[in-house]
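In what follows, a single structure is set out as structure tokens and then discussed.
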Amino acid sequence: MNHFIDLTLNGIANGAIYAALGLSLVIIYQATRVVNFAQPALALIAVYLAYAVYLATGSYWTGFAVALASGTLMGVLAERLLIRPVHGRSPLSAIIVTLGLLLALQGAAGMVWGNGDYSFPYPMDFRGRFSPAGAFGLGAVAVVTLLLFALYRFTPLGLRMRAAALHPESARLSGVRVGLMLTAGWGIASAIGALAGMLAAPPFLSPNALDAVFVYGIAAAVLGGLESPFGAVAGGLLLGVGLSYVSGYAGPELTTLAALAILVVVLSVRPDGLFTRPVARKV
Amino acid sequence: MASSLRRKQAPAAATARASARRGPAGLWNSLPVLPRHLLAALAALALVAVLTSVTDGLTALRVANVGYYLLAVAGLQLLVGFSGQISLGNGAFMFIGAYTTALMVLYTPMAPLAVVMLAAVAAGCLAGMLVGAATARLHGPYLAGATLALAVGLPAVALRFPDLLGGSNGLFFSLRGAPPALSGLVSDSQWKALVVWFVVLLALVVLATTSRGRLGRRMRAIRDDEAAAATAGIPVGRTKVVAFVISAGCGSLAGACQAYLLGTATPSSFTLALSLSLLAALVLGGLGSLWGALWGALALVYLELAGEELAHAMGLGSNVANNAPVVFFGVILIVIVMAWPLGVQGALSRLGRSLRGR
Amino acid sequence: MRKPTAALAGALALALLATSCSGAGQTEGGGVGDLDVSTGVTDDTVVIGTHQPLTGPASAGYLSISQGATAMFDYINAQGGVHGRRIDYRVQDDVYDPTQTIEVTQELVMGEEIFAMLGGLGTPTHSKVVDYLNEEGVPDVFVSSGALMWNNPEEYPLTYGYQVDYTKEAKILGQYVAENFPDAKVGYFYQNDDVGTDSQAGLDQYLADMVVSDQRYEATAPEAVATQIAALKEDGADLVVCACIPSFTALGVLNAAGQDYHPQWVVSSIGSDVPTLKNLLREFGESDELPVEAMLNGMITSGYLPATNMEDDPWTRFYQEVHEEYGAEGELTNTTIYGMVQATMFARALKAAGPEPTRQGLVDALESMEWNGPGVVPFASSADDHGGYAGALINQYVAEGDEEGLEELQGPMVTDREGGDITEGAFDRATPEEYDFHD
Amino acid sequence: MTEPPILRIENLSTRYGAVRALRSVNMTVRRGEICAVLGANGAGKTTLLRTVSGLQPPDPGSRVLVDGTDVTRLPAEAMVRHGVAHVPEGGGVIAELTVEENMRLGGLWRAGRRERGAKAAEMFELFPPLAERRTRHAGTLSGGERQMLAIGRALMARPRVLLLDEPSLGLAPLITRRIMRLLQDLRAGTGLTVVLVEQNAAGALSVTDHGLVLSQGAVVASGSSGELLADDRMRHAYLGF
């Protein structure tokens, strides 16, 4: 029974990280209909900057703040400089631009900080079965999800962002600066991506530290349905716990295969993900 | 104003006169589809033969690499370019082809190469059918996400059955080199390059012929507007699965060529990066034509090498030099997609048109 | 539509005919290239090459090996090189991907025309080029991997092992544990590939009936280690034998500390590089009552090379000096020493091959060499035993209060990789000054 | 002293690629007037509104003045601040948002939550059926309700000039008449100026003060509604009754 509890708790802690990355992918998808493959690389650079600040100042939380700030800034720059020019074209162009950015940023991280492992601290004490660090991860993701829900549902900025994403022309006619909303979407999403990076990086940071999280983050976003933030969080937790059971009872080498199996099962039942209202496609 | 009127008046006569006046190009277009493709394939094979005979084994290996990447990208091109289904899973089909070849060579060494290759294609098509059926109702990012999971998940099968599939060390085997009759004339690596290109070109002929025919038109209809295609009576589901089957067959054959060429099938060769770079090569080269697939394949093999040369030339520090090729590939990818929306082929044909137009 | 299909079938038939003369898999044995050549040797340089994972997921743990070898060759060249020739050590990045290993190896052999391959790293990668190197007649010296296949003089006459192979080392560790911890409840924690299976083959010869838990980690699934350590604790293992790479040893120790689980760690040489482990765990030592050193205190490790904590070992001091002057920045680790020793031994073999070295000369020098260091156990590269380091000694890392060091628990022992028994492996070891490896 | 026209369009032209969609259109509308823009399909009616409201870039040399200030080059999102609200063809209602959210979207650019709330309440009184479906998704509304919501959203921005693109499209005649009466009430109440693009010329001219007729992007006739109604030749050729 203990083993089962360990697997579940470990699954939830990992699931929170997949949820955070899934969340950032959903926000960007909702805003610009683009799956941002560069998100893990943006998060990686943010985490490396946080690590440099942590080494210089000795305070983890200063580094944490730098990660979120630099994540936001990089998201804004990526949208404004790279995604905006290919905005009108086929979705493939945007996907390939994000792929190029992924390769370039991961290589750049290797260039500046080398390809070795750095010891990277947990946010809080990592000891104990359900450690404060694990709790912080889950708590942070929960808070972020609620903040996002409130932003989208109750604030003028949220309404503008949704209108800009759903019907750009009507939004413009109502005085919404659509371009600015897309940039804001990328900024917020990259901040959450940086949070996911700070949760996923410990214990060792290297240019490839976020590779595994990258695949599971996309799987979480797709599982939950790319339309709702709650979907990504639910998808992330479901995936985290599911993979933990598989690696616990069947062997860790099967986790990637299990992710495939979970995805196929869910998508065959709900082709648009768990939490998406089946939208009738306009004929 | 006058010239357009004249053209309208005598359409039949004009085309006859025009094709004669345009000489070989006219002749070329008037050939039926299949012989034209076969001729092109033979010309390409001759070119490869000449190229590999004047250069050393290393270039022959790289030329062969370009060959099987071309096939994999062309398969993806059919899926993405024609039927609009964005799949990130072609690396998985290469995995299937490579392992089918490895297992057959190890367990049925007497089977001739052609049979091994056909078995690989069959395995790939079967997998393509399964994946196509499972993902028929998915579209856009959901399809991309599912195929991404396939590309990452499938190689784990080799880890699960270490004794049969060799675990993380994979399978390795030695293959027949050049037949004794030609041993003087042709080196082993050159022979393998020729065999790879022979298989690739044959597959491309099949690919080009089908995409010209009815199936190609159906797939393009689906790409443009799935709902409209359905109302026009095109069996959307079935066509999508057929597109997947052909694309998977090409990917699997490419994997088989890789295994044949390198004498190995190892899980760590079929990473997520492989599937992503196949898609990148496709867009880099230019959607919509086999030439685009060629430029993409060349980029896959030679861009990182160029990055390495650049890093060596600038005598950079070790960290920078080690990572330079990857950064170089990423930057080139972004620049080309932004500068030339239709990829290298799009830019070349525009250049061609503007030259001819003047 | 019908006519083209017929033509197509014809083309396919043609293809079948052309390549179906005989089975793809039937091949005559790989011959050995001509050795009496000195490719890659000019009057002032000797070009040698290696393939290493410099980028990608596997690079983190192995980067310092080629850095160590590069530093050592810089030192040797500064002393005038070998027979007046500078050693040009070319490192190619294969990202630990076999398809790239094959390409970079062909580039080294055909493009850069290397004299010999030194320390090609990784079993899944090097196993794909070992046939090619032997057929091309390129000496494949001191392979950086503990797999058993490198010691196979009949099939791979030009391939020489270096690292003590996983089974021999595991047997020595297993015997030590069986004798000194007779009533221990043993847990296995090892990598899910040949590192794990070969090690288990050795350990099971002594510990088979003491094992209470068997956890195999996957290099691409670090997130699962926490539950695997919990499973070891759950099964009551009070002694954990770890055949893992440094980052996973650190993950194991870290998660154990996190779960207030303090088994006796017994770690094989590939994962017990103390400076690297301390560097990885630096952020997780509690202020004073549980500093990083305390986490690793008491760890039993096997070893066959001079280690950083052996202050009184002449070679350790020598490598410390070379590292300070020529090495990459950062402190000296045992992984760096692994690369430095490799370079030292290669230079000695090259020197023994005489002023006009040929590949045959190098092979003869290797197979007739009386190795007396720098390793702490006997080294075999004779005609019928290419096994490299033949055994290991056993140390314990002790960190009480402020003094920290390695205590030798058992002297060098040697064994074979089958069921053979374990015997003393003492030999008189030369000092760096007596070691003739450069001008 | 007659005050300057609230909306003056001079020499307005624009093109889609090679096709010249508008050919130097001139138009002036005074405050409180309802002006009709008539013409066959593809005459350029919708293009005229899109060019005025900034969705379609005008050719050089065109000028659009609102209350005397030049707004020719302004992007669409800035026009609302100059008092010009545009209800596009089909209404532009966002189906995935609720009726309330669609309504509040119109007033977003004006600061002050309290003020927006009050204005929204006013709109819901104006359109009772919308009040009931306040929290439902706009996608569930009928054609008429959708058009009312679109107009409501535009009015939320307290515009001085309302550009209305074929409100009657696909609606029952009863609802079209109710919308036309609403425009008259708004004109009487707040002095709202309306530029009304309509296919159904007869209905439009019964409500508007004056209008112009477009054909292939050029103005072929203009004048008071009476003159246009009386001119048989014009009526047959372009208005189809």
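Going by the order they are written in, the chains are A, B, C and D; count residues from 1 in each one.
Criterion: a residue touches a chain if its C-beta (ideal position, glycine included) is under 8 Å from a C-beta of that chain, and two chains touch if they have at least 3 such contacts.
Note that the structure is a prediction, hence the values are computed from the model and not measured.
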{"item": "Distance in touch steps, counted as few as possible, from chain C out to chain D", "value": "2"}
{"item": "Chain pair with more C-beta contacts, A-D versus A-C", "value": "A-C"}
{"item": "Chain ID, smallest distance between chain and overall C-alpha centroids", "value": "A"}
{"item": "Greatest separation from chain D - chain, by CA centre", "value": "C"}
{"item": "Distance from the mean Cα position of chain D to that of chain B, given in whole angstrom", "value": "53"}
{"item": "Rounded Å distance between chain B and chain C, as computed from the means of their C-alpha atoms", "value": "38"}
{"item": "Distance between the centres, which are taken as Cα means, of chain D and chain A, whole angstrom", "value": "43"}
{"item": "In chain B, residues with contacts to at least two other chains", "value": "159, 322-323, 326"}
{"item": "Per-residue overlap in chain C, given as positions that touch at least 2 other chains", "value": "54-55, 192, 218"}
{"item": "Per-residue multi-chain contacts in chain D, two or more chains", "value": "none"}
{"item": "Touching pairs - complete list by chain label", "value": "A-B, A-C, A-D, B-C"}
{"item": "Of chain A, residues touching chain C in the complex", "value": "2-3, 6-7, 10, 14, 107, 110, 114-117, 119-122, 126-129, 131, 202-204, 206-208, 211-212, 244, 247-248, 251-253, 255-256"}
{"item": "Complex interface listing, chain B residues touching chain A", "value": "80, 86, 134-135, 137-142, 144-146, 148-150, 152-157, 159-160, 227-228, 231, 272, 276, 279-280, 283-284, 287, 319-320, 322-327, 329-334, 337-338, 341"}
{"item": "Sites on chain A touched by chain D in the complex", "value": "156, 159-160, 162-163, 166-167, 169-178"}
{"item": "Of all residues in chain B, those that touch chain C in their complex", "value": "32-35, 38, 56-58, 61-62, 65, 104-106, 108-116, 159, 162, 167-170, 172-177, 179, 195, 198-199, 202, 205-206, 209, 213-214, 258, 260, 262-264, 266, 268-269, 271, 318, 322-323, 326"}
{"item": "Residues of chain A that touch chain B when the two form their complex", "value": "29, 35, 37, 82, 85-86, 89, 91-93, 95-97, 99-108, 110-112, 114-115, 207, 211, 215, 218-219, 221-222, 226, 251, 253-261, 263-264, 267-268, 271-273, 281-283"}
